[in-house]
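Two complexes come next, and they have one chain in common, chain A, joined by chain B in the first and chain C in the second.
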Partner chain A sequence: MTTRVRTPTVRDGVGVSTSRTDGIPKVDGTYLYSSDLYMDRMLFGATLRCPHPKARITRLDIGPAVAMTGVHAVLVGDDVPGSNAFGLESADQPVLATDLVEYWGQAVALVAADDPETARLAVEAIEIEYEVLEPLTDPEEADRRDSAFHRARCRRGPQDASGAVVVEGYYEVGMQDQAPLGTESGLAIPDGQGGVDLHIATQWTHVDRDQIVAGLGVDEDMVRVHHAGVGGAFGAREDVSLQIHLCLLALYTGRPVKMEYSRAESFVGHVHRHPAQLWMRHEADPDGTLRRIEARIIIDGGAYRSTSDSVVGNAVYHAAGPYRCDSVSVEGVAVRTNNPPCGAMRGFGAVQACFGHEAQMDKLADALGMDRVELRIRNALRRGDRLATSGQVIDTSAPVTEILERLRRMPLPDENSSDDPRLLPGGTGLTTSRPMVKRGVGYAVGLKNLCFSGGFDDYAEARVAITPFGVEVHTAAVEVGQGLGMACAQIARTVLGIEDVVVYYDDTSKIGSAGSTSASRQTQMTGGAVMEAARMARQIALERGGGDELDGEGVWKDGVLVTPMKDLVGRENIDYHTRFHHPQTDAPDRNGQGDIHVDFAFAAHRAVVDVDQELGLFRVVQIDTVQDVGFMINPRSVVGQIEGGTMQGIGLATLEEIVVEDGVIKNPTFTDYLLPTFLDAPPIEIEVIEEPSSFGPFGAKGVGEPPTVSSTAAVVAAIRDATGLELNRTPVRPEHVALGSRQPAVYSDC
Partner chain B sequence: MTVNGEARACDVKGSESLLFALREYLQLTGSKGACEQGECGSCSVMLDGELVCSCLVMAADAHGSEVVTVEGLGGSELHPVQKALVDAGAVQCGFCTPGFVVAAAALLDENPAPSSDEMREALAGNICRCTGYGAILRGLETLVGDR
Partner chain C sequence: MEVVHPADLDEAVGALAAHPQATLLAGGTDLMVEVNFDQIRPETVVALRRLDDIQDVSRHRIGAGVTFRRLESGDHNALAQLARTIGSPQIRAAGTIGGNIGTASPAGDSLPFLAGLDAEIELHSTSGTRRLPWDEFFTGVKRTARRPDELITAAVLPEDLPDFQEFAKIGQRSAMVISIVAACVFRWRDGRTRVALGSVGPTPIRARRAEEMISQEADPGPAALGEFARLVSEEVSPITDHRGTSDYRRHASGVLARRLLERCLSS
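For the complex of A and B:
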């Protein structure tokens, strides 16, 4: 008989920086991304796209393409057997346009051919003529015409409150691309019985499945969506891109079909971060206490709805930032134009709002003659306060004051006197010299709602099985690189006391939805589901084994192994399947009031930027951050999320914008859409605050989005600090710095 | 051509890139295509000892050349760069990783003890969208300490 004193803590449980199981395949090149999939007899798909932002198709002749050797299918909108409409929140976009084309690059026809080149030539061979129509591309004009997907508002408290000090501002945020390095790609395999298996890089297999079956007009169980290796996501894969197209081609040809977008096609193949215009007015007492916040926000949803309704809602709810204020009026609109469709990107409306409210807080501090951080601390939201916009009580950790205090105390980098060009704005182009450089410091703090909001039934399924060969965790959640698989395994290990855990990413036929890998939600949602299932599995094991403790050896009672694992699960696995829901939220009332969000996370950044104002050059020297993370299930993953998310925010501040002129994307390549490189990446010092969240495994909070919310605002604040310029638009371009920023619109114009 | 020490042959069409030939004809999918313009470095391979973006090399021009891809770096064990990147948490989505592995291995072959600034400069042709580069730098810095 085995006896011992107390179970030791299981190895590689929560709180430990474990190594990812996909790490070695990813460094040795054997990990299979959706673009690496291969099958005998597979065909290659390609897409005909409209070269006009608005047009009517007047003639479409696929004959010349059909006649080509090696072409197996040419499909147009009339070939869509089910509903020729899809969309993440409502189905408003044609799978293939049949009459009216609403944006530049919209899909019109599909080809499947023996090889990619033949497919491309067949697309070119399709004869199509358009009547070109006048596109609507000005968001303000769209608002005036009431061309809108959704209007959102928050009105709270007395509307006549005022303060002695008033600041107004107008701000713009450019259209950012998620730019995951893996473009859209996938492989659809017909099952020979009218169904299809799709292997795809996505963020939410079940919502893809639902849109595919609608397009194919088949039953739900005829389509199985499998999670293939994902080359980054950041929101770009939440909407359907080529999923329905691939399945159509596979079913039509009866052969496996692969499709992979080029980078240029990827730029029109997925939605982007909404460009935004914000008018804001803040009023405060002379001591800095906020008395009134007004804002008006326009985001450009482009031609189709995607998640625009939710994004504008989020922008409205986040418009006041993490501050107390009892008199608020925010109006937001997501307009419909003929610009590229916009939808989810990391930060989801909160990024745009933060750029505005943080510029306002600096402006207000300057008008009051107050320290900029001090003003923020004076108004900082605390647990138990009401969110200024929705009025809901913040019932989660909200260490905004501590975040700011700690950020302020972090050491600043030394004044650099070196003439090493690598350390100067403009880099090795040798364009500037140290005496021309001025340094600025900027702070910004933001918040981000976690998980789905507004009364949505947000849930995740997971299954935990204890078997003679170890523990299996089953989920349909998508690992996009953030480390979800590790977190799920760690949670299961700690709860069960069993080290041997393998996570399986099931297809849509084997388990129910885990929801989207977005909204910083999977650690809390799928992590929460795994925790719940593991707890129940443990309970069953203890009952079956007649003991009070479980580990990899079996069930123990009073320190004695009473049921070894082979007896516990030798004849029958212990298997528990659960659907985990987060606490219910409210749909907003007509004033945008209610318990709309289930949880929040907070973060702040301090950016240090060197600027040569004459040449308009700037370089981020360092950026430091403090983030409210709840509890770190895997500290190294948390750091990875904070560093990567911060860098995407720096990109939006300094480089990244999809330039759209008259509805046409002018820079759909990595040569012209600039991403931060190693040389643009400053050192990032990180501190975290671990104060348990209201729900979430072990008190964890989602960590993916907060770093992107406030980093952009901090970098631009630092450039303002160095130059004294208004800089009301991001990304900041050299001409804004060298020639002075554009004239800000007056608030009363709006 | 010789790929990872083995003689390999394939018929390529006129405009196909070395990257295309490696991935589609030789099933060496470790090298990734992400920009097709030599901007992101995801397709980095060694061509006759030189670090190149294989998307910018015509496959036909590699006739008779020696190519080393990410699959050929390690042998039976991981190359030190591969191990360092895994251990440092420098792998998230991992799509850029093969390119970083090849480029970093090339750098260390040329300069066994690069400074951090030299590493950043040498790897500025490789784009990573997930990590913000911090963990990549930390991983590679451990190798210089080891040498």
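For the complex of A and C:
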């Protein structure tokens, strides 16, 4: 027997910046991404896509493709054995179009062949003719024609409230792409008994599975979805892309089938961030107190529904920002057009809303002659206040005032940072020298609801096992690069006091759903499930071992090791499986009122931007941020999320837009869909506020989305500050700055 | 697909004579994009990387096989400036000036330099060597006067080189970007000035009226510089596409040319 003073903490538990098991392989190139999957005798799949935004298929002859040597399958819509329809929230999109084609690039037929080149040639050999139809591509026209997926509204308080000072504005947000570096890819392996194992880069294996079995017309247990190495997601992998296609080809041919989209195909192969139009009207007292907020929001859902209903709902709930106001009217619509389908992307409606409400707050401050940050603080939400839109009481940490106070106190960069041309607007193009530059500073603050809500029963399953070889954590949650597995291991270590933890990413047949890796939810949901399971496993261990403490050596009582680990689990593992639910939420009533959201996180950014107004070029010099994070399970990963999220917002402010003309994407390449380079990435100073959340493990909040919500608005505010221009559209383009703002502010009645 | 690896110039033009439809491969930074996008499926490729004959660079002659990496420093300030704006370090290590000339994209970064200096393009074939002035060589968007049996061997620069030269290009991000407008300005101590622009017409454009006007000004003041910018803007013929609008390109052409001239004047 051993007697000792117990060390209170386990190594690499929560609160520590531990390293990730996938970190070094990802850096040295040995990590297996879904695109690296390989199997002997595998075939390669390819997709025939429609070159028109709207058309009717009038002739389809696969004969020439079938006849080619090396071609093993050519499938069309009629070959889909189950339901030829899929969709994340409702199944409205054909797996393969059979009659009407509703957007440019929609999938029509599939090929499996011996090699990618043969597959590509076979796709070209398919004979297809279309009757080209007139596409509907103008969102306002779609709204007028009531071509809508969903209308959402929030109406709260007296509708006749008014303030002495009124500002109105019209704003536009372009279509951003998630642009994950890994394109869609996967490998489907038939099991020889009518079933299939799919290895895929995704965000939610179980909902992929549900849509696959519907398409294949087979029982749930015939399809097992395994999550393969994910090269970034950001919402792009929440919808099905090639999942059903791969399984169809694998079952038809009886051979393993691999597919990997090219970059250009990826741009039509997944949904994008909804472009948005926002009309807003804010009324305030002379002291800045908000009295009335009205907004009308149109988001373009494109040809199929995806998550448009939820995104427009979210845009409506976030339309007032993190501010108190007791008279609100917001109307939102997700229109249906023949533009590329849009769905989930980091920020999910809150990004678009924030771009509008923060421009309005600056306008209002200017109209009042008030400091822009001061106006925000005056109206800032606090714990216990009601969310202006849904009216629910905020019962989580809401340190909006402290965020703004701290952000304001962070040091600004030097006035003349550098004459190095690479650090000036125009960069290596040598367009600009320091005297041509004016500097602007912009602030923005936003909020983001966390997890699934609105009455949805959001849950995550996890299993924790104590074995003679250490602890196993099992989950179906998808690690998309954010460090979820590491966080789960840290939680298990701290709860169990055992350092040796391995996380297993189970396929859909081995454990229930963990929900999607999205909505900033996995740290709280799967992390919460792991914590619950670990607590129960610890409880069982203490009971079985007859003690009051547990660690890697075994069970202790009063400082004495009473049951060593080999005795504790030598004969039988301790194994606890749980399904963790967050507190229930309400579906909204007809005025969008209720306890709709389960939790919120807040963040603010201050951007410093140098502008060469004559040429319309600008460079973000520095961006600083303060974020409400609850508790940092892994500080380095929190910083990583904040830096990455902030950069994605800078991208939307300065560069990133899918240019769509008459339903056709004009820039489906990384040559013309411009992402920020290292030179475009400014220093980011980060402070966090750790006030425990209402239900996350150790008080943690999701941290992935909030940094994307307000950084775009802050950068554009800084460009406005430098130029005095209205700049009501993001991304800001050189011609908007050099030749004046794009759109006059025209307000339509809400 | 057949790939020919000629060891010298004679073998290269011999291969071209034998395969007039052959695709030329130097750095591959343009060609492989077209291959990857399935825009071309070459049957015969003549690979030029082993040709020592086109690798030399001197003050008045730039071998077609010289990479932009090598051009990042050298006798010509503007050439070095433009070389440093091209793609990424990997692209610059592979891409050659001959390839840039042969592709003849309106956004080809070296084209304004060659146009502004009145360079000649040297072409070699089994029937001999000829030189074409740049404005006879570049005939349209990605179209040139090169015959299928000819190989671009060099850009030849005139004896009379300018005293000052400046290049700049506008792209929407700080690096690795295709130009919305590119400009090159050359100035001699006697006042002679040339200005050439890229991405504002099907081929590089010389703003000749602006050149004539400003060449008369020994020490141009703000009014002359403003007039110079205005004339440059008038002389370009840009289009609107997803990278930029015609109005912006026209505006930025003048601004960029004026700024580059100011840099020449203050050198």
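Please note the rule applied: the second predicted complex is superposed on the first by the 742 of 750 C-alpha atoms of A that agree within 3 Å, B and C clash if a C-alpha of one lies under 4 Å from a C-alpha of the other, contacts with A are read in each partner's own complex, and residues count from 1 in each chain.
Keep this in mind: contacts are C-beta pairs under 8 Å (C-beta built on N, C-alpha and C of every residue); 3 or more make two chains touch, one makes a residue touch a chain.
All values reported here derive from a predicted model rather than from experimental measurement.
J.: Between chain B (first) and chain C (second), which does A:23 come into contact with in this model arrangement: first, second, both, or neither?
T.: After superposition on chain A, A:23 lies in contact with chain B alone.
J.: For A:643, using the defined touch cut-off, is the partner it touches chain B, chain C, both, or neither? Pick first, second, both or neither.
T.: first
J.: Once chain A of both complexes is superposed, is A:671 in touch with chain B (first), chain C (second), both, or neither?
T.: In the superposed model, A:671 contacts both chain B and chain C.
J.: Comparing chain C with chain B, which touches more residues belonging to chain A?
T.: Result: the larger residue contact count on chain A belongs to B.
J.: Can A:231 be said to touch chain B (first), chain C (second), both, or neither?
T.: first
J.: In the superposed arrangement, which partner chain does A:262 touch: chain B (first), chain C (second), both, or neither?
T.: A:262: touches chain B and chain C.
J.: Considering only touches as defined above, state whether A:378 meets chain B (first), chain C (second), both or neither.
T.: neither
J.: By the touch definition at the top of the document, which applies to A:120: first (chain B), second (chain C), both, or neither?
T.: Only chain C is touched by A:120; chain B is not.
J.: Counting only touches as set out at the top, which of chain B and chain C does A:357 meet: first, second, both, neither?
T.: Neither partner.
J.: Report for A:422: first if it touches chain B alone, second if chain C alone, otherwise both or neither.
T.: A:422: touches chain B and chain C.
J.: Indicate the residue numbers of chain A shared between its chain B interface and its chain C interface, in ascending order.
T.: Residues common to the chain A contacts of chain C and of chain B are 262, 422, 671, 677-679, listed in rising order.
J.: Which of the residues in chain A end up touching chain B in this complex?
T.: 17, 19-20, 22-24, 26-33, 35-36, 38, 117, 179-183, 229-234, 262-263, 422, 480-483, 636-637, 639-640, 643-648, 669-671, 675, 677-679, 681, 683-684
J.: Sort out for me which residues of chain C touch chain A in the complex.
T.: 33, 36-38, 81, 84-85, 167-180, 241-245, 247-248, 251-252, 255-256, 259
J.: So in the complex, the part of chain A that touches chain C is made up of which residues?
T.: Within the complex, chain A contacts chain C at residues 120, 262, 264, 422, 426-431, 614-617, 619, 654-655, 659, 661, 666-667, 671-672, 674, 676-680, 733-735, 738-739.
J.: Can you check the complex and tell me which residues of chain B touch chain A?
T.: 13, 23, 27-37, 39-40, 42, 69-71, 73-74, 78, 82-83, 85-87, 89, 91-98, 101, 117, 119-121, 123-137
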